[in-house]
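Presented sequentially are two complexes of chain A, the first with chain B as partner and the second with chain C.
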Partner chain A sequence: MTATVTTTDRAATGGPLLSVERLSVRYEPKRHAPTEAVSDVSFEIRPGEFIGLIGESGSGKTTLGTALLRLLERPGRISAGRIVFDGTDITDLPEDDLRGMRWTEISTVFQSSMNSLNPVLRVDEQFRDVIEYHTRRRGQQVSDRIDTLFDMVLIDRRFQRSYPHELSGGMRQRINLALALAIEPRFVLLDEPTTGLDVVVQKSILDNIRRLQAELGFAVLFISHDIGTVLDLSDRILVMYGGRIVEQQRARDLLADPLHPYTKGLLGSYGDPRAETVTITYVPGRPPDLTAGYTGCAFAPRCPEAIAGCRSVEPPLLRLGEHGGEAACHVAALQRGQGERSGVGTEEVGPVVRGFAGPQFVKTAEDERSLHDREVLLSVDAVSKTYLRRRGLGTTRTEAVRDASFVLRKGAVTALVGQSGSGKSTLARMITGVESPSTGSVTFHGEQGSFAVGSRRGRSLRDYRSHVQMVFQDPYSALNPTKTLGYILSRPLANYRGLRGAEARRAVLELLETVALTPAERYIDRFGYELSGGQRQRVVIARALAVEPELIIADEPIASLDVSIRAEILELLNSLVRDRGVTILYITHDLLSARMIADDVVVLNQGRVVEQGPALEVIRNPQDDYTRLLLDAVPNPTAG
Partner chain B sequence: MKYFLRKVGFFVLTLWAVVTLNFFIPRLQPGDPAELMVQKLAGKNAQLNPAQVAAIRDMLGTPTGSLWSQYWQYLGQLAHGNFGVSYTYFPFGVMQVIGQAFWWTVILVTIVQVLSFGIGVLLGAFAAWKRNGRFDTAVTLVSTFVGTLQPFWIALLLIYGLGYGLGWFATSGGYEDSTPGFNWGFVYDAISHGFLPALTLMIVTPVGWVLGMRNTMVLNLGEDYVRLAKAKGLPDKVVALRYAARNALLPSVTGFALALGGVLGGTILVETVFDYPGLGRLMGEAVGYKDYPMLQALMLLTAVATLLANLVADLLYGVLDPRARRAQA
Partner chain C sequence: MTVVGADPMAESAPEQTGVADGAKRASGPDPWYKIIWSSKKARVGLIVLAIYILVAIFAPLIAPYPPQQNTFTPLLNASWSHPLGTNTGGQDVFSQLVYGSRVSLLVGVLGGTLATAIALVIGLISGYTEGTIVDDVLSFLTNVALVIPVLPLIITLVAYSNVRGIGLIVGVIAITSWAGAARAKRAQIITLRNRDFVTAAKFSGEGPWRIVFFEIMPNMTSLVAAAFVGAATGAIGAEAGLAVLGLGSNDSVSWGTILYQADAAGAISQGLFAWVFVPGLVLAVLITAMSFINFGVDLLSNPHLREG
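On to the complex of A and B.
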């Protein structure tokens, strides 16, 4: 608490609030090779500054955040460097000394809103304990403070006496934000505070953060994998890759003149869904394996601009931009005449390119196929689904879907768009026959004639399933970790097509080729956990393809993937439609991805279809307010 | 409130099912208890005298009438606490015998279980908090080792060491030279006799709680709300107890209540070794001497105890975990 006295003086002198000097964090597990998750990271945060820290999963951003909070647990530890908060070196500060600074100076909001409140304590008690411990407020004063905090995050005060499980994800995360501000800290670390929340909810929370930060003037380090959510909030952006900071620039400079190809790749994965032509790029390959170690630049294997020097010399973080922007990239250094300092002398490089020179996925207005002459594969007619939940003696009715009608045409992609709770997944379950509609009907027009899906049971349902396959959101839990890819893919082949032995193996290899996991021989004996998220999702898609379905239902297939690789999966789905004539029902909350692959869009709000039509028309000229709301919530840094 | 009423409703329903099963299952068993009794009295190879058998039947009150009317009779007698006459303690009624043994076991077991649970959970929580430290390693190793030991064997060691060797405690029975009742002589006598059985159980029972609590708590310590509590700068004691242990306790509480119900069976061997006048020994005897009325009553008692324990566990869970209240209400 003595720190509080000295801080005011220092803030006045304009020194940094938090400075990180050549920080490295190593994980040294007993049975595995050690990993340097964070290497040689330096940066400063000034009082009141808003910094965005961007990186994909495995880039070390969360480890860095945990280290700053001094919450690293064994086997992780700070192996080199210093963390100085307001003049106090907190790198090795004993926990007892640190305690006085926690929450009064440094607070945080964690990634998963589901779990960061104690489930057995009422919400207000979790405010009360920390306020009473750190301040002299007691009784009514504490209650008043909690009231103020709830008002700040726009949550009704009556929820103070709720238990966490009684609140929605968005409310919990707002409450976490309020909790972080309870004792007016000068630094708040936000670790992916909106990941996993709905786009619309996400946008309102981000607005809330922005407003509170402007009012209260605390400094923020906002960690995210999604540059789109932080770019317009941040003063400055740090980009992390493979445990290092590869670029550091003012937000608007980064947008105008990204230095590192990885940054360009990240920016390239966004687009304006309303534009005539939408181009999004993706970064192929997978993040570096930090246990194996590497020489040169960690990004080189995935970099379209890489030169010979990138693979041998590690690029230092150099000042390359006009306004003090820094990047660790030989190519960027050479292009700006700094090759000597970067350590690659005078190697030849091309001119500066602003975009990511890697693979891209383009959708123009002309691509829009005319579909209305196509046959209908599946029709949803006036479908409603009401859930009755018994509660004691009474029952509550939840109308998940109300009077929804639309058709899926053969060889077309239809996007079912809506935020969580809009009834998307319920519709998907009725289309796969897992549930039947309360009223209305789902009719499948297959090769053996039409039939109502809901009436199918047992064998005939199984038969129907061979025509309809699901691809789920989370490729990490969709693959049995104890089985090889060959085995996983051979199961549906044996079950539905009766293929065994050499025949099955040939089919498996073919499937792997189809989803571009090549050479297929190299993948057939591997396990799901050895693959990157994008590769796993490819395997899941391959498994769906194994039964040669006519319809694939893809439920948020890219939502849990890193932004930089999302387009890769979209392109794969697109090629399946083009080459194999598969019909896809693409379920999403994200209108950009809907625009990229869908021919038709059906917008769902609270169980009702509020708008439907050709994708381009609906997205460029939305008629319903809800569609507009969804469009506005699409993060798009490039729109500026 | 609805939650609690529902739970109580279930309890009553299951109780009825248990009572009914307890009526029908013995009737499915082969052999006639009266014949067996005569045989026991007369020797294995003796001829059965039908008159003797009939006399025994009269004495025991062998039921007549249809199964249905027998069932109603049975329910009526249960309601009056009439379980018939014990074969081994003839002419005493089953309820009388059980009534005498009941408090011996209940007091012993309650003290042991409550202490074991408290000690076990605290040790487990502390081991988890200091996980991978020296204390944790020691506690885990010792618990695992002790967990493999058989209680009756420990009992024998204790009798040998503390009973015969040092002569500190009585080694068998429940009391000796005092009159049962609330007087100091008797209480002292009972404690002296009960100490070794209690100690035996105290060595074995906490093990499960230690390991269970430790493992749940280690998982809980990784939860975000515990990390957040640390980030809040709350003192270790608050983080460990209010955030981690409070949540880790939930499965243990259910386990504890369930264990209380099953405890009767666990005391058979220990009570037999110490010749302790409780229900466990009674059950051992009843099995040995084919004392059907006694067995039936003890079975029913065990079942009711288990059910009660379940009910308590459910109710307690509702109090401790706000999520359970809503999810099942």
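On to the complex of A and C.
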């Protein structure tokens, strides 16, 4: 317990625990131009402080985290600056000296909980390994410590003898957290520890972190792309963009008075799903290409407040806020009379705006489409799905879906909401005809009469797909990396509509225009990896539209995108419903996005439909406890 | 539902409207030839292979005599007119060596291609249909091919065939060497076939053949290339081995047949070292060069190796 004692001492004296001084990290691949992924970053973390580091993918936040842990691998290296931990300069410390510090002083939880536990060792052996290496505890003492750690993260002690694959993603991530705290380090780096977990699990892990941090007093650097999850945990927030820190403020000041337009953009992605009118904004465009280099402010091309000076002079990080908040933004500096120091003199700027002045997506209570006069496109009647798995001598029954009934109406969006494991995906598979229900029926009411969907194969499944298409969760894996967008989009056109050659090309261009990838000629010969996540998802949507389907199943289409661009895709889906009359089944665990886009909501818990009805009614007046649980888990920094 | 200010913004942001042309292109993956060339070993291998190919193509210009011409005094020592001397049959060893490169390279290319093609078709179909009867049959076939003792099979096949041309040798080598590669391809496609882009191709109405050979296979080109180089190397070695055992093609000269003749004539006990060692050395250098090329091909499939 000596560590805890010194922590308190240090907190009293107030010296920084970790200080980063003008740190730059460069990637210098042999055959490419070098990239400065982190430039000139300085900040301090005091003992017991909780810092949030926010930025979208490609902003350099993970590289910065890796550099702090001294885990950078070639071709990346620290090219300038220093990292000082508790008075020791660790920038060039040899591996052997670092090994003694790792875990006892500095530990970490990585993003992918799946891969950071050894799959062939039982969980307790991995704890034992760490504890015995770093401490003098042996035998029963180690077991006691493991028990304590499991209690700390609220996991039943019987799971100590499990293998990692036997645990759920949320449990694995808690175990990683417990493992990181095993030797009572003074500093823990959390790199997106809840990304990929659903909202309810995410919330419980965050609560866990908050409680432990308060009890044990370690300092935290929490890296995330989702400002909503960390804002109320953090003492201070660092916002990163294009490898630089563009804003640094105390969390509550940042919320009250965000300085940088990018921060405003990040905050604008949240809303209260229960509100009468919900407005969310998104940051258009794509992150800067750091290999190409840029002059002026990296955010200027995407910034709605940009002035002429932003494109020529790089803004320095200046103290602009009342409580020591810092930002690197000419506009914010000018608005606060600091234009001279920022290097843009006295250019004209508008008044301070609190929100993001960019594109926004608004949903009001009146927008609700009235549905009940609409025809039914697909009906799910008393559907159950049971999986039988033979295990040893007996069989285990898994009831994935139990007695679910709902309808999808033409030209409407129905949200199917639930956590992972609630049976959403099983229902989607039955609706797409890949699997058939154990009991009950799924009926499609198409133009050529109604038919049962059932389990289809070969030609019949192929024919059914001219009515029902799919938008996938991960746009990075949904586009074949070896094919151009033109090829990808031309295949459904050839297969279902018999379009070839010039005719097909015209149709492809039209599809690209539909999803706002304009001018389409510039995109047709591109590959998926040349696009940003949001642009890729647009291509995936265009492909689904190619066969002119009546129903599109969108399986968490925004879950793997940065929060700041999610509304962009929601808006596109919404316009498809409005302009083309497509019916959408929107599968999600996030009630905010459901509120933004859906007319009807079906809430699913453990395979059962627990609540359904018009979106506004269900969200504003939830009847079931589970719906309330989901609602409470929606991160909403603006509400606090 | 109202959407405010969305479109003008999208238009005004330059990055939204297009991918910056030149810069974006450059940051895509390197072309394959650059990656292979970046490996020092592969560069050496490619240069050596290029020399062999040139020798094979221009054999009539380089070799002083036709390879079968047996009108010289037997067992001449090395001299300007016979750089490696003559053999017991009165043939010029250097000319035989030069022409022999044609057989080795031809067998390498054809044997490698055929073995890789069989491995691809069987491995990919079997992996894509994993768990079905088709996979069971193909996997069974692959497993049988894996456990059959190859050498006795080759010897039996060749010994009992009437014509012993290059075609036969290539065929025999291919059908005895595809199995391991087929297993590898099966394992690879199993990891790829559940990717979203495969499901998406199904939703685009693609049939299984197109999905396997047009959607999935291009994603494993580098692995296919590595398998081909490996198979070609194996085929060259196998041809030489067969020829040394006296089972080579009997209408052409290969390095293996030179070694066979040298051995039959007791070249070593007679002190005719050049006759034995030079063909062996030439063969060893070619096989080494091919293995070096595979170091470069490995860089294609495993980007982590590229920063050495």
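Here is the rule we use: the second predicted complex is superposed on the first by the 624 of 640 C-alpha atoms of A that agree within 3 Å, B and C clash if a C-alpha of one lies under 4 Å from a C-alpha of the other, contacts with A are read in each partner's own complex, and residues count from 1 in each chain.
Heads up, the rule we're going with is that a contact is a pair of C-beta atoms (placed from the backbone, for glycine too) under 8 Å apart; a residue touches a chain by one contact, two chains touch by 3 or more.
Bear in mind the structure is a predicted one, so any value in this text is a computation, not a measurement.
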TODO: Name the contact category of A:S116: first (chain B only), second (chain C only), both, or neither.
DONE: first
Open item on the list: Applying the document's definition of touch, where does A:R543 land relative to chain B and chain C: first, second, both, or neither?
Closed with: second
Open item on the list: Let me test your reading of the model: by the given contact rule, A:R210 touches which partner, first (chain B), second (chain C), both or neither?
Closed with: neither
Open item on the list: Which partner chains sit in contact with A:W103 here, chain B, chain C, both or neither? Use first/second/both/neither.
Closed with: first
- [ ] Go through the superposed model and pick first if A:R311 touches only chain B, second if only chain C, both, or neither.
- [x] neither
Task: First (chain B), second (chain C), both or neither touched by A:R620 - done: neither
TODO: Between chain B and chain C, pick out the one touching the greater number of residues of chain A.
DONE: C
TODO: Would you check which partner chain A:R74 touches, where first means chain B only, second means chain C only, and both and neither mean what they say?
DONE: both
- [ ] Check whether A:H134 is in contact with chain B, with chain C, with both or with neither, and answer first, second, both or neither.
- [x] first
Open item on the list: Does any part of chain A touch chain B in one structure and chain C in the other, and if so which residues?
Closed with: 74
Task: In the complex with chain B, residue positions of chain A that touch it - done: 69, 71, 74, 95, 98-104, 106-108, 110-112, 115-121, 129-130, 133-134, 163, 165-166, 391-392
Task: Contact set on chain C toward chain A in their complex - done: 1-6, 9-10, 13-21, 23-30, 34, 38, 195-197, 199-206, 215, 218-219, 221, 306-307
Task: chain A partner contacts - residues on chain B that touch it in the complex - done: 2, 6, 132, 223-225, 227-236, 238, 242-243, 246-247, 250, 320-323, 326, 329
- [ ] Enumerate the contact residues on chain A facing chain C in the complex.
- [x] 29-33, 74-75, 284-286, 289, 291-292, 301-302, 304, 358-364, 367, 462, 465-466, 469-470, 472-474, 477-483, 488, 491-492, 495-496, 516, 518-519, 522-523, 526-527, 529-531, 540, 543-544, 546-547, 571, 574-575, 578
